[in-house]
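Notes for the one structure printed next.
Chains: A, B and C, in written order; residue numbering restarts at 1 for each.
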Amino acid sequence: MSGAAIEARGLARRFGPVVALHPLDLDVPAGRVLAVVGPNGAGKSTLIRLLAGLGRPSAGSVTIGDDGGDRRARRARVGLVAHETLLYPTLTARENLEFTGRLFAVPEPARRAAELLARFELGPVADRRVGGFSRGTAQRVAIARALVHEPALLLLDEPFSGLDARAAALLEALVRGLAGQRTVVFTSHDLERAARLADQGLLLVGGRGRALEASVLADPAALTAAIAPPPGAPA
Amino acid sequence: MSSLDRLAARAVRPTGVLLAVAAPVWLWLVAQAPLDSVQGVVQKIVYVHPPCAFAAYLGFACTAVGGALYLWRRDDAWDRFAASSAEVGVLFCALVIATGPLWARGTWGRWWSWDLRLTLTLLLFLVYLSYLLLRSFTEGSERTARFAAVYGIAGLAIVPLNYLAIELAGGRSIHPENLQRGSLAAGMRAPFWFGVLTALIAFAHLLARRLEVSWLAERASREAAAGEEALPWGT
Amino acid sequence: MRVLLAVLAKDLRVEWRSRDRLSAMGVFAVLVVVIFQFAAPPGSAPETRGHLPGLLWVAWVFSAVLGLNRSFALELENDAWAGLALAPAERGWIYLGKALASLALLGAVQLVSALAFALAFDVPLSAVALPLAAVAALGAVGVTAIGTLFAAVAARTQYREVMLPLLLLPLLVPVLLGAVRATAALLAGEPLPWPPVRLLLVTDAVFLILSFVCFEYVLDE
């Protein structure tokens, strides 16, 4: 598995009169890691959720791998780790994973769940209700959940927020491990980390996106220059 | 500006003119119409009550169809059409509900009876109200449009079912006999059908105006939102 | 469809863990029956007792609304909703899974409250148990079919608990009229009449098809 390429053309999202995402062109080759950075409210979550196929774009199109632009096919290729865990608190970790497996028509949900529980070292808590988990543990289950159907693209929305140093380090290692096998897109406020982990970057400000080299992300001067509106655009 | 909005804008003046011409003619016809031997002058409500009912039902059909077209085409104009049609239609529906008891009280001495057609229209009125409440209390214009469209379709599907249901419950039809079978006395047919025509013209005119206003409001809020767009960091 | 069964099993399992829906619905329905007891105690005029089928169905409908509200409240926690929306499956199956779960719960509540009803109002149910169960089931299908669709809608509006009855009650008129008429006939000792049952069948079919198709649009962001 080498991941799926992302191709977006004129991708935009409007909520009534407010434009959350201005038409965006995006190209991410298969297996790369893309970091999406920008201030709060810039449209990062909107972009992530559009890529996941959760809502219809107001304009433009996005293709993930060979899905042909069809949203249902896209959902089969994408795994999302959102800000919320998407887990049922009264079910155990194992039950959550098995349910997701069945929901995504995975061939042997119970075995797949056991596999993921082992891989993420969730054995000790596998049969405890998710409602009682710490943020770090819950997030591990959430990531396992996103990987149940072996998606070619993994999306992570602010995954590092609220994690302690150790959990963050583990997550970084995971992202590095997945790169090459899958395409990964994550959003972050931490520019240094973004520069460290990513192959390419996307800067979103006020719903407008600018593609950047990953190395630029950690360079304040270059970044400020990048934020300045291009000539001709409204200030 | 969608083609539907263009049509509405162009329809406002002609329908207004038609209405300005039709209304006095109708009033004159109603005044001239012979008095019913049994019911007296109260019977003249027949020139208001059923014509408004035509408009009320047409209104809801437009709302449901507009919603369905929105879901299919994802053109905001159809959603505004559905919303405008509901607002205008509910007025006519209220008129039907208001004039019904007036007529009944004048003829049979009772304010209300669970008569088939009146009950059906009352139920339609309730669906209209719920539709408008749903629109008010949903956040996000795209979500509102989708939810309202689904409710509109359900509401339309209900109409034939309700007809069967009320008939089953023995909706006593003390309603005057089906007017289309020509049971109206000769001198009454012209004002009656002219009344229906006038009501439909009034409906079309109000709908066109309301749709035009909704388009202007949308354009205004879009411009306001563009003006307020978040400025980049440090500005 | 496996997705349907997965959603159904999940809903029932979650419910079993907390049992809050079942207890709320059950207690509510029984309470209503008990309170109606004061409105029409045994020995009151036949005309008052003629309203009993209607009262029973009102209790069931409001109990169903209570349960339906909670059916989607559980999805809003942790945005589990998005988990469902992300599935590549045909969304209509997710709808059916949830609708069946609500139907199962409503059925259980109907059974318990019917017994309470029989005791409180001294109504002999054993003679008509089977046809009554059929009518109760048909009515329950109608309520949960359209109710599940609009519970999903109401859950994402403001005033969500109030929104659902507002949306649902006007739409439930055909179900109520058919069900009450059939129930009244049965309780009066008449054989099961065909017209109300036919109305219920048609309404149920319309509601199920409509909801199956429209759920796609409701589950989006």
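Heads up, the rule we're going with is that a residue touches a chain if its C-beta (ideal position, glycine included) is under 8 Å from a C-beta of that chain, and two chains touch if they have at least 3 such contacts.
Small disclaimer: the values here were computed from a predicted structure and weren't measured.
Engineer: Compute per-chain Cα centres, compare each with the mean of all protein Cα atoms, and return the closest chain.
Structural biologist: The most central chain here turns out to be C.
Engineer: Name the chain pair with more contacting C-beta pairs, choosing from A-B and B-C.
Structural biologist: B-C
Engineer: Using CA atom averages as chain centres, what separation in Å is found between subunit A and subunit C?
Structural biologist: 39
Engineer: List the centre-to-centre spacing of subunit A and subunit B in whole Å, with centres computed as mean CA coordinates.
Structural biologist: Here the centre of subunit B sits 47 Å away from the centre of subunit A.
Engineer: Counting only Cα atoms for the centres, state how far subunit B is from subunit C in Å.
Structural biologist: That pair's centroid distance is 32 Å.
Engineer: Would you pick out the residues of subunit A that each touch at least 2 other chains?
Structural biologist: As it turns out, subunit A has residues touching two or more other chains at 55-56.
Engineer: Which subunit C residues reach two or more other chains?
Structural biologist: Residue numbers touching two or more other chains: 220-221.
Engineer: Hey, which residues of subunit C end up touching subunit B in the complex?
Structural biologist: Going by the criterion above, the answer is residues 146, 149-150, 153, 156-159, 163, 166-167, 169-171, 173-174, 177-178, 181, 195-196, 199, 202-203, 206, 210, 214, 217-218, 220-221.
Engineer: Which part of subunit A faces subunit C closely enough to touch in the complex?
Structural biologist: 49, 52-56, 72-73, 75-76, 78, 80, 82-91, 95, 99-100, 102-105, 129, 145
Engineer: Which subunit A residues qualify as touching subunit B in the complex?
Structural biologist: Touch list, subunit A to subunit B: 14-19, 39, 41-42, 55-56, 58, 205-207, 224, 227-229, 234-235.
Engineer: Subunit A touches which residues of subunit B in the complex?
Structural biologist: 74, 140-142, 218, 221-222, 224-226, 229-235
Engineer: What residues on subunit C touch subunit A, complex-wise?
Structural biologist: 2-3, 5-7, 9-10, 13-14, 17-18, 74, 77-80, 82-89, 94, 220-221
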